[in-house]
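Presented sequentially are two complexes of subunit A, the first with subunit B as partner and the second with subunit C.
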Partner chain A sequence: MTATTVTHDLVSVENVSLSFGSVRALRDVSLTLQPGEITALVGDNGAGKSTLVRCLSGIHRPDDGTVRFDGQPAHFSTPEDARNAGIETVHQNLALVEDLTVWQNLFLNREIVHGFGPLAILDKRAMKREAQRMVSTLAVNVPSVTSTVRRLSGGQRQAVSICRAAGFSSKLVIMDEPTAALGVQETERVEKLITKLREDGHAVLLISHNFAQVMRLADHVWVMRAGRCVAGRRIAQTTGEEIVALITGAQQS
Partner chain B sequence: MTATTVEAPPAPPAPARSQRLRDPAFWADWAALVGLIGLTIVFQALNSTFLSYGNVQSILVAAAILIILSIGQTFTIATGGIDLSVASVMTFAACAFGWAFTQGWALPLCMVLAVVTGLVFGAVNGALIAKGRIPDFVVTLGSLSAASGLALILADGKPTTVISPFLLKFSTRGIGLFGWTFLLAVVIAVITHVVLFNTRFGTHVLAAGGSPEAATATGISTARIKIAVYTVSGVLAGLSGILLVARIGASSPAADTTMTLNTVAAVVLGGVSLLGGRATIVGPVLGALVLTVLVNGLTLVGVSQFYQPLAVGIVVVLAALLMRFQK
Partner chain C sequence: MTESLVAGSPNPLSHRLFARPEIGATAAAGVILVFFLAAAPAFRSGGSFFTVLYQSSTIGIVAIGVGLLMIGGEFDLSAGVIVTTAGLANSMFCWWFGIDLWVGALLSLAFCLFIGFVNGYLVMRTGIPSFLITLGTFFVLQGANLGLTKVVTGSVTSPDISRMDGYPLLEGVFASNFDAGGVTVWGTVLWWLGFTALAAWVLQRTRTGNWVFAIGGSADSARAVGVPVVRTKIGLFMTVSFLGWFVGMHTLYRFNTLQAGNGVGNEFLYIIAAVVGGTLLTGGYGNAIGVGIGAFIFGTTSLGIVYAGWDPNWFKAFLGVMLLLAVLVNLYVKSLATSTRLLRDSPGKADDA
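And then the complex of A and B:
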C-alpha cells in the first residue's frame, strides 16, 4: 500500500484463513479496500476469490484472522448482517425474480409499508417513485420500473441488480463477474455503471477474469493464488502483463 | 452517459386496449372469464331456465366451497407447491365439527375446532415440506390419506347429523341473489387478494415461488413462506368444513376426491402458473365458477352425470393449452 495509513481502510482483512475439511481455501489472506475506490480481485479459478468474497458478505465465517469493516471488527453470521452493515453483493446468477416488476425486485424484502405488523400495507406509490429515482440517478436504461424483469435483457437485469446493491446507502458493493454473461455493448454499459458507483462514493470490490476490464476500471488490484493473497498493485503502477505473471506465479510478488 | 442512452425508450404507457385484445397472452390470462361467458351463453341457449334467479342463486351457493378451497390452493401453487390434501382436510374438519357437536359443544366452539383442525394439518404439511425437505406432492399425498383415515376413525365411518337453525339459515339464506356462503367466499377472496398483492407476505410468496434462490439471497426465508402458505390452505380447508356441514346438514367422513382435483383445475383455469411465482385470486375464483357452472349446466341440459368429470377434464386441458401462450 501507499504510505497514507492515516486514512482508514474501508475493509481490512488480516490473516484470514478458512478450510473446508482438508481443503485450505484461504491461507493467511491480508488485504485492504479503500473507500470510494474500485478494487479488483483477480486470480485463477480456485484461487479463493469467491471464498474471500463470501467471508465479506456473511456467507462464510473465517476460521482464523479478522475482518474489519469501516474500522469495526465484522462478525457477519448471515448475509442479512452484512447487508445491514452496508455490504451489498451482486450475485453472479442475477438474483432477481423474473415475474416480479423492477420496483418489486429493487425493494424485495425491504418493502416500504403503511402501518405496522401483520396489517401493514405496501406503499406501492412510494416504492415506484423511489425505484424511479434509484434507476435514474444511476442512469440505468430500464424501460419502466413497472415492467417485469422477464422482459429485460441480460444487461438491463444486471443493471437492476447493481441498482439494488447501490440503492440502499451501501458502503461497499461486491460484484462477482458482473459482465461474464453479457455482450460487448451491455458490458460497456455495466462498466459505466460501475464507474458511476465510484463517483457516487460507493466502494466496489470487483471480481473479474477480464484483465482489460480490470485495467480500465480499477484503482487497485489484489492478486490471489492458491488461497493466498500474493500481491497488491496500484493500477497506475502496473501492467496487464505483470498481473498475469503474478496470477500464474511466473513472477513472485 | 450520453452515448449509452440512445436506445433507452421513454417509459411506455400500458399497451392500448385493442393491442391487448390481439395478444394471445391476454386471452390466456382471462381464460376463466372467457370460459364463464361462453358457457353461460351456450347453456342459456340450450335451456332458458339457466339464467333464472333461482338457478344463478344455487350456482353461486354451490360454488362457495370450491372457491374457498381454490383460494387456499392458489397460495400453495404460487410457491410452486401443491396441496393435494385440501378436500380430505375439509372432510376431517367437518367430522371434527360433527364430533364436537355431538359432545354438546357450543356452535362457535365447534366452528373454531374445525378451523383449528385445518390450521394444524396445514402447518404440519408446511413444516414437513419446509423443514423435512420432502416434496410438496409427497407430503400432501400422505396427509390426504391421513386426513381421510382420521375422519373415518373419528366418525366411526358414519355420518353425524348436525341440526342447527343457525347453520341452516347460513346455508340457505342470503342477501338477494347472493347466499351467505357465497358472500363469505367473496369476503375471503377480497382479503386474500389484498394479502397477495398489498402486503410484504404476498410479495414474498410470489418471490419464493418465482425464484427461491433470489428470494433467499435477499434474506427471505422460503421455509417460513412454505409453512405459511400451507397453513393458509389448511385454515381455508377447515373453514370449508364448516360450510360443508352447513350445506348437507351433517358431517360425513365420505372422501370427496374429485374436490381436490377441482381446486387444482380451478387454479389452472384461473391462469395461475403451476411452476409458481405468478398468481391472482380473481382467476381461480372465476375458475371455480366455471367448473360449477359446467356441472350445473350439464345437469340442467339433461346430460348424464357420468359425462361431467369428462367435461371438466376437457375444459381443464383446453385451458392448459391456452396457457402456453401466457409467456
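And then the complex of A and C:
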C-alpha cells in the first residue's frame, strides 16, 4: 500500500439504535471519529454516552445500524474482539482488579506466555519489565508495578487504566469520564496523559462533563441528548456556551 | 514534573513472607503438631504420622478444588455429598446392569462433571449466588443418594462390589497402599500431594491461574478486558466435582460398600481447610499450598485428639475455634499484605518528586 492522501474516518457509527427493554438508550445515532484526534462526547446523565461506548468496545451489540472501524464493518461480540481490532476502553468504573498488582492488571488477558492454551506458562519477568516500560513511557506515576492496585490513589489507578489502554498498539482509546472522580492535580496529570496519547498517534474518544476540559483537549465534539446524537462541532468553531445550549436542548443542532 | 515511576522498591523479605496467604496456617500447623507430639505419646511414630497424612488427604483432595473455587469467588456446598454420589453411581449402576466397574467409574465421572457444569452454569446464567445454587444441589443429591439406594438395594447401604469385574485394577488405582520402611503409606497421600502441587503450579504459573485470581477479585473488571469469566468459573466448579469423584472412587474401592447418607457436612470441612489455609472468603486471594496445610491441620487434630485419649466430640469445637482464629489471622495478614510497601510518593506530593 502506498501513502494515500484520502483520509478516511477511523470510526463511523451509522444509524445505531439500542434498547434495554422499553428504555431506548440509543436512537439512530450517527457520528464519526478521525484518526489522530481527540473527540469529545458530551451530554446529560442518561443521554446514552456510556451505552454508545459499550457498543464500540464489544460489550453491547447494536440492535440496528452499523459500526465501521478503520473502514471495515465491525461486529464485536466480545470485548476481546474490540481489543484485537485495536480499540481499548477505560471504563467509567475503572475496571481494574484491586487485588492484582499493577503489572498483572496491565497484562490481564494479554499475558506474555510460553506455550499455548489454558496452561500456557506466564513469563512474569517479561511482563514486569514490559509494564515498567509502559508506565515510564507515559510518565505514569505509580510507586511500583509490583504493588497491588488496592494501594493506589484514584489518580494512580486511572493512570494505570489509561496506560493499559495505550499499550498494545491500540488505534483508539475510549475514556468514559476519566477525571470525574479525581482531584484538581490528578485531573491535570490525566489530561497530560490524554494529550500525550494524541501525540503518540492514538485517536481518543473522551466522555466528559467538564466543558472547560473538552474545550482544552478536544478537536471535535459530539453532543448527545436522550439517546440521539444531536450535533457535532469542531472545537475551534464553537464555544462552551453553545455546547451547553446543545446539551440542554435550548439550541437545536 | 511527572517524574515517572519510582524504581520498584522491593519490600523486606520478612514482610513479603508475612504477607503470604499460608503463613498463619503454617505456624498453626507447627504449633498443633508439637502440641500433640507432647500430649500424646502414641502420636510419636512414623506410622501415626502417615495415618495423619492419610486422614488429611481424604479431606485435602476435594479441599483443593473448593479452595480454587473460593479464590475464583464462588462456593460449593454440594462438594461433600458429591463424593458419595460418585461412589454410589459407580457401584449401583454396575450392580444393576452387571457391567464392568471401569465403565461405571467413567460414567460416574461424566455424571459428576455434569453436576459441576450444572452448578457453574446455573450460577453464571442466573446470577444467583453460588451459595444458594449449590445448597439446592446439595439437597437434591443428598435426597437422591438415599432415595435411589433404597430403590436399588432396599436399604441405605450400597451393594458390595469386591467380586465384580474390574475391581482389582480400580482398587489399585484409587485405594492402594504400600509399605515404606514399616509404615503404611496410602496412595491417596501421593495423589493429594500431586494434586496440590499441580494446583499450586496452575495458580501461580499459568494463564488460567491468573484468570482465577482476576475473576475472584472482580468478575466485571475481568470480563471487561475479555477474560472468559463464565468458562473459567464453570471450569472451577467442574474441578471441584472431579476431585469429589476421585475421593468418591477412593472411598468406594477402599470399603467396597457405601452408606448413602455419608459425606454430608464434609463440605464445611473443605471450606474450613481452605479458609484456615489463608483463602479469603470474598475471593481473589489464597493459594493451594495453604489449603494443603489447612487439610493437614484437620488431619493432625482429628487424630491427635484420638491418640491423646480425649473425647473426640471436642474435635468439632476445636475446628470452630481454628476457623475463627484463621479468619482473624487472614484479616491481619491481608492488611499487612496491602500495607507493606507504603506509597513512595503520595499523589499530593508527586510534583516535588
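Just a few scattered comments:
Here is the rule we use: the second predicted complex is superposed on the first by the 241 of 253 C-alpha atoms of A that agree within 3 Å, B and C clash if a C-alpha of one lies under 4 Å from a C-alpha of the other, contacts with A are read in each partner's own complex, and residues count from 1 in each chain.
The working rule: contacts are C-beta pairs under 8 Å (C-beta built on N, C-alpha and C of every residue); 3 or more make two chains touch, one makes a residue touch a chain.
Note that the coordinates shown come from a computational prediction; the quantities given were computed from them, not determined experimentally.
Clashing of subunit B with subunit C is the outcome of superposition onto subunit A. Looking at the shared chain after the overlay, A:113 reaches both subunit B and subunit C. Using the contact criterion defined above for the overlaid structures, shared-chain residue A:136 touches subunit C, although it does not reach subunit B.
In the superposed model, A:151 lies in contact with subunit C only, and not with subunit B. Shared-chain residue A:176: touches no atom of subunit B or subunit C.
By the touch criterion defined above, A:191 lies against neither subunit B nor subunit C after alignment on the C-alpha atoms of chain A. With both structures placed on the common chain, the touch criterion links A:83 to subunit B and to subunit C. In the superposition on chain A, contact is made by A:97 with both subunit B and subunit C. Residues 78-80, 83, 91, 93-100, 104, 108-111, 113, 120-122, 139, 141, 143-146, 189, 192 of subunit A lie in contact with subunit B in one complex and with subunit C in the other.
Within the complex formed with subunit A, the residues of subunit B that make contact are 1, 4-5, 7-9, 11-12, 194, 198-200, 203-204, 206-207, 210-211, 213-215, 217-220, 273, 277-278.
Per the touch definition, subunit A reaches subunit C in the complex via residues 57-59, 78-80, 83, 89, 91, 93-100, 104, 108-111, 113, 118-122, 128, 132, 135-136, 139-148, 150-153, 155-156, 164, 183, 185-186, 189, 192. Partner subunit B is touched in their complex by these residues of subunit A: 78-80, 83, 91, 93-100, 104-105, 108-111, 113, 120-122, 124, 139, 141, 143-146, 188-189, 192, 196.
Listing the residues of subunit C that touch subunit A in their complex gives 2-9, 202, 205-211, 213-214, 216-218, 220-227, 284-285, 337-339, 341, 343-348, 350-351, 353.
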